[in-house]
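Below: one structure in structure tokens.
Just so it is clear, A, B, C and D label the chains in written order, and each chain counts residues from 1 on its own.
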Amino acid sequence: MAVYDRALIISQAEAAPGIFSMWLETEKIAKEAKPGQFLSLYCGSEDKLLPRPISICEISEDRTALRLVYRVAGKGTKEFAGLKAGDRIDVMGALGNGFPLSGSKVKAILIGGGIGIPPMLELAKELDCEKSIVLGYRDLTFLDKEFIPYGQVYLSTEDGSCGVKGNVINAIEQNELQADVIYACGPTPMLKGVKAYAKEHNITAWLSLEERMACGIGACLACVCKTKDTDHHTHVNNTRICKEGPVFLAEEIEL
Amino acid sequence: MISTKVTIAGVEWNNPVTTASGTFGSGMEFADFMDIGRLGAVTTKGVSFTPWTGNPVPRIAETASGMLNAIGLQNPGVEVFVNRDLPFLKKYDTKVIVNVCGKTTEDYLKVVERLGECDVDMLEINISCPNVKEGGIAFGQNACSVEEITRQVKKYAKQPVIMKLSPNVTDIREMAKAAEAGGADALSLINTLTGTKIDIHKRKFVLANETGGLSGPAIKPVALRMVNQAARSVRIPIIGMGGIMTGEDAIEFLMAGATAVAVGTANFRNPMATAEVIEGIQTFLVNEGINDINEIIGCVN
Amino acid sequence: MISTKVTIAGVEWNNPVTTASGTFGSGMEFADFMDIGRLGAVTTKGVSFTPWTGNPVPRIAETASGMLNAIGLQNPGVEVFVNRDLPFLKKYDTKVIVNVCGKTTEDYLKVVERLGECDVDMLEINISCPNVKEGGIAFGQNACSVEEITRQVKKYAKQPVIMKLSPNVTDIREMAKAAEAGGADALSLINTLTGTKIDIHKRKFVLANETGGLSGPAIKPVALRMVNQAARSVRIPIIGMGGIMTGEDAIEFLMAGATAVAVGTANFRNPMATAEVIEGIQTFLVNEGINDINEIIGCVN
Amino acid sequence: MAVYDRALIISQAEAAPGIFSMWLETEKIAKEAKPGQFLSLYCGSEDKLLPRPISICEISEDRTALRLVYRVAGKGTKEFAGLKAGDRIDVMGALGNGFPLSGSKVKAILIGGGIGIPPMLELAKELDCEKSIVLGYRDLTFLDKEFIPYGQVYLSTEDGSCGVKGNVINAIEQNELQADVIYACGPTPMLKGVKAYAKEHNITAWLSLEERMACGIGACLACVCKTKDTDHHTHVNNTRICKEGPVFLAEEIEL
């Protein structure tokens, strides 16, 4: 069940230029959190009313704290980046469904693109099977070293400065990676590519989507995505990303 | 003992706080965070006769102390509402107000008729949604059509009818009087002000719908002015809304002449917002030594 | 070399930034903080024929991301303006726009006539002030009277005429078209939205005038929407305003279809606001590789 | 000339419940500041646009810093009270005319009421003549001890808990204070009383007024007060408190 909490900031550091890593103490939320779920973070300044959805990047072993890794994209994330250890922040979570963990028999590819990489870290930790981890960047890499303990890591960069030059699909193809299931989070063009790739190779693909959110809990219908079939809740071909997602089977949604 | 009971069109609420339509779903999602039974009333998301898909995304954008929305009244239709959402709401000791939307007068009447068979306390008729091409605001920006649709709805309605007015008009008093003349039992205002936002890097509108409805604290001064103008123009009770975040904000609306208030955008900043508004009102009454909330309604006039 | 020059009704400004009437006096007080000559144009406080005393205090109140004002157009009258303020402004390499107010059509015409003898670049006719009982907004809320007063002013005016429109209307397009039909050379919008605020402890309105005009970032979405609607409805150029605090905000208005912008409430938060808006526009053009500001005007349409 | 500055907060302390004392380093403003002038303080949070006018309470001897003493009255002053030494705040000043310093031959009464007391401190320091200092409070006193070096201090409290029970006029009358000139700052009812008292006793009285301000520099005409004669700037019977004031000769204004 989602809860609202005034979380304590345990640490905050700039992991790469403009990318921040923050640990929050929030036992109420951490104890039942799952990889692929997200939090709503609220701004302290009263002129910014909407929550900022940020994925769970890691859950502490004792399940009392959560790690978030986020990019300074605008006013809200800029405010968050200014917070220090000891400050508090209003958060709600854990929200959404999270990634379903497949059994240990399968071969999985985890794909993260840009700021879609953070949620793959906790997933990599919790997935108990053979894993290839493909991380796509524009240029500067971040968080990539932390994936090493959990599987074989492949990188792609748009400028070719690191790993394969190109995108994550290029990296998969060049490294001839095989899989029964794909988990992916990243920008929509990347997800489209992954969906097409998975379909072509007949692989089950779980995609984590992004959309602007207002309530974060399924009440306002701001964050919908088109669906192939009529959605059980909305009774139209539209589903709530914050509630039924953010993780969907690729074949069930339209991108 | 302080009394916070108010009576709107013969329906007694335990306190003057309801939810603004579209910001609280049918309450289910908020039940994790608060006791819905504490609300004076729950006002539901707009309900149409058939399911509506709404607008393409992005549907919302943040603005200074406000937000724009262009949800486009997505909803599963009145049958799903009656069979799924209404039974949930009836478990609580609160009044149920169903917000009704339509594209044609007939649409509205079919929903009103269907709800007439149900255990619903009041109907709120949304003639002021700026986000649908047909119906919605078109009905709400002209005094004659406000009066006419009110009269039609009243013919079919089994419950008291609240007409929800659009602020996108030259003179809100005219619209308030037209609704009253058409037989409305109460008014609610304001719905959102039409606005827009541009992404200067992409050189296009942020919302897929181009424009959306502005809500939140940014619009509170306009909402208060209109509630006050309406309250001075009609005898029927008013449910005031627009940017209410705290108990103090709610008190402003009551003093301006509203008999009750609705909390909307605040639910997105804080899922316990409505409960905190109720507490804030109570604290104010205690501190000021007011025994009955009805004493302050319209007291600035 | 990037060009920020824009031409409005035949008058070329060095850049598209002016001051919103009433927020910059006649510039004198701001000269301590910035070089007034950097502005594309200075728009003065409203000038009437005789001195006006304005409204009782309190005249302003703060609201979420905005403010209410009910100054009531206090000003020393056109003679003082011509003899004291105008010579000061003429020392700078900037265009001078005089904002004209009146209670009757005759009032306006007398000021317009007197300014016809002076070295003034443009006239802005305020038919949208919500804070005076007679005149002001009364002219601006009805398409026929907008057209009629525009026509009258144009008969007497020696300088290009900018009609300043009220946002307190159902359909801004009608008003824009009416001003164009009356012969306006340009439009400016938006003036303030009427709003109010209540002091819940004193149980009365905060402003002595009860209501005031809402300005600042709170109203930007509404302003942008109206500027965009007007730009799509008329061929004459538009000066857009309402909540502009930064260069990015100004770019939004230009993309929506404004040829120039005015900075108002921001001057109170930061006396260098206009200069910073000009710099912000320039930075944006550089970063986006745009050589001529005219390329982006109306580009979302 | 007024300047805009990003001042450094040197110290901040709660002087009495809800009353804060803050020293700001702002050489540009301090070097020409005068008692009775004020600063516009700007909020950091973007939802609050208007400046908060706060009087200068003291000017450091080296004229590089200013002391402000203020009451937490609403959102803005609450924000200021949360600032700490080392933080910065946008300020504009010194604004207004300030108190005219009478020569050393006269006898003066300085009257401060409530949060009108702070500006009297720097005035007391700079006025070089015989001074009686009358400070009126509702109940709790503050800043009163700091006046002792500069003159004879008389207190009044509404509840009689300290000094004369009643208001500042009661204190003047009970102590039979004499003066050629009065300087006063405080709530409007007090200033009305002072004006009447001064008129009755034929004493020159300088009153410091308060009004809601938007620009703080004379451009917006938000902060006017009614005048006996036509004002030289506005050409009506209204004068700008922020520019021509906040200090006026009692006989020239209407309260």
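One rule holds in what follows: a contact is a pair of C-beta atoms (placed from the backbone, for glycine too) under 8 Å apart; a residue touches a chain by one contact, two chains touch by 3 or more.
The shown structure was predicted, so the numbers you read here are calculated from the model rather than taken from an experiment.
A.B. asks: Which chain lies the greatest distance away from chain C when centres are computed from Cα atoms alone?
C.D. replies: Between chain C and the rest, the longest centre separation is with A.
A.B. asks: Name the chain pair with more contacting C-beta pairs, choosing from A-C and A-B.
C.D. replies: Pair with the higher count of C-beta contacts: A-B.
A.B. asks: Once you find the CA centre of chain A and the CA centre of chain C, what distance in Å lies between them?
C.D. replies: The mean C-alpha positions of chain A and chain C differ by 46 Å.
A.B. asks: Per the centroid of Cα atoms for each chain, what is the distance between chain C and chain D, given in Å?
C.D. replies: Computed from C-alpha means, the inter-chain centre distance equals 35 Å.
A.B. asks: What is the distance, in whole Å, between the centres of chain B and chain C, each centre taken as the mean of its C-alpha atoms?
C.D. replies: Those two chain centres are 34 Å apart.
A.B. asks: Of all residues in chain B, which are in touch with two or more distinct other chains?
C.D. replies: If we look for residues of chain B contacting two or more partner chains, we find 64-66, 216-217.
A.B. asks: List, in ascending order, every residue of chain D touching at least 2 other chains.
C.D. replies: Correct list: 46-47.
A.B. asks: Graph of touching chains, which shape: line, ring, star, complete, other?
C.D. replies: complete
A.B. asks: Flag every residue of chain D that touches chain B in the complex, lowest number first.
C.D. replies: My answer: residues 46-47.
A.B. asks: Please give the residue numbers of chain A that touch chain B in the complex, ascending.
C.D. replies: Residue list for chain A touching chain B: 1-4, 42, 46-51, 90, 92, 211-225, 233-238, 243.
A.B. asks: In the complex of these two chains, what residues of chain B are touching chain A?
C.D. replies: Touch list, chain B to chain A: 22-25, 28-30, 32-33, 45, 51-54, 57-62, 64-67, 69, 71, 74-77, 80, 216-217, 265, 267-272.
A.B. asks: Tell me, which parts of chain B touch chain C in their complex?
C.D. replies: Within the complex, chain B touches chain C at residues 63-66, 68, 141, 168-171, 193-198, 200-201, 203-205, 211-212, 214, 216-222, 224-225, 228, 243, 248, 251-252, 255-256, 284, 288, 296, 299-300.
A.B. asks: Over in the complex, which chain B residues touch chain D? Could you list them?
C.D. replies: Of all residues in chain B, those touching chain D are 64-65, 217.
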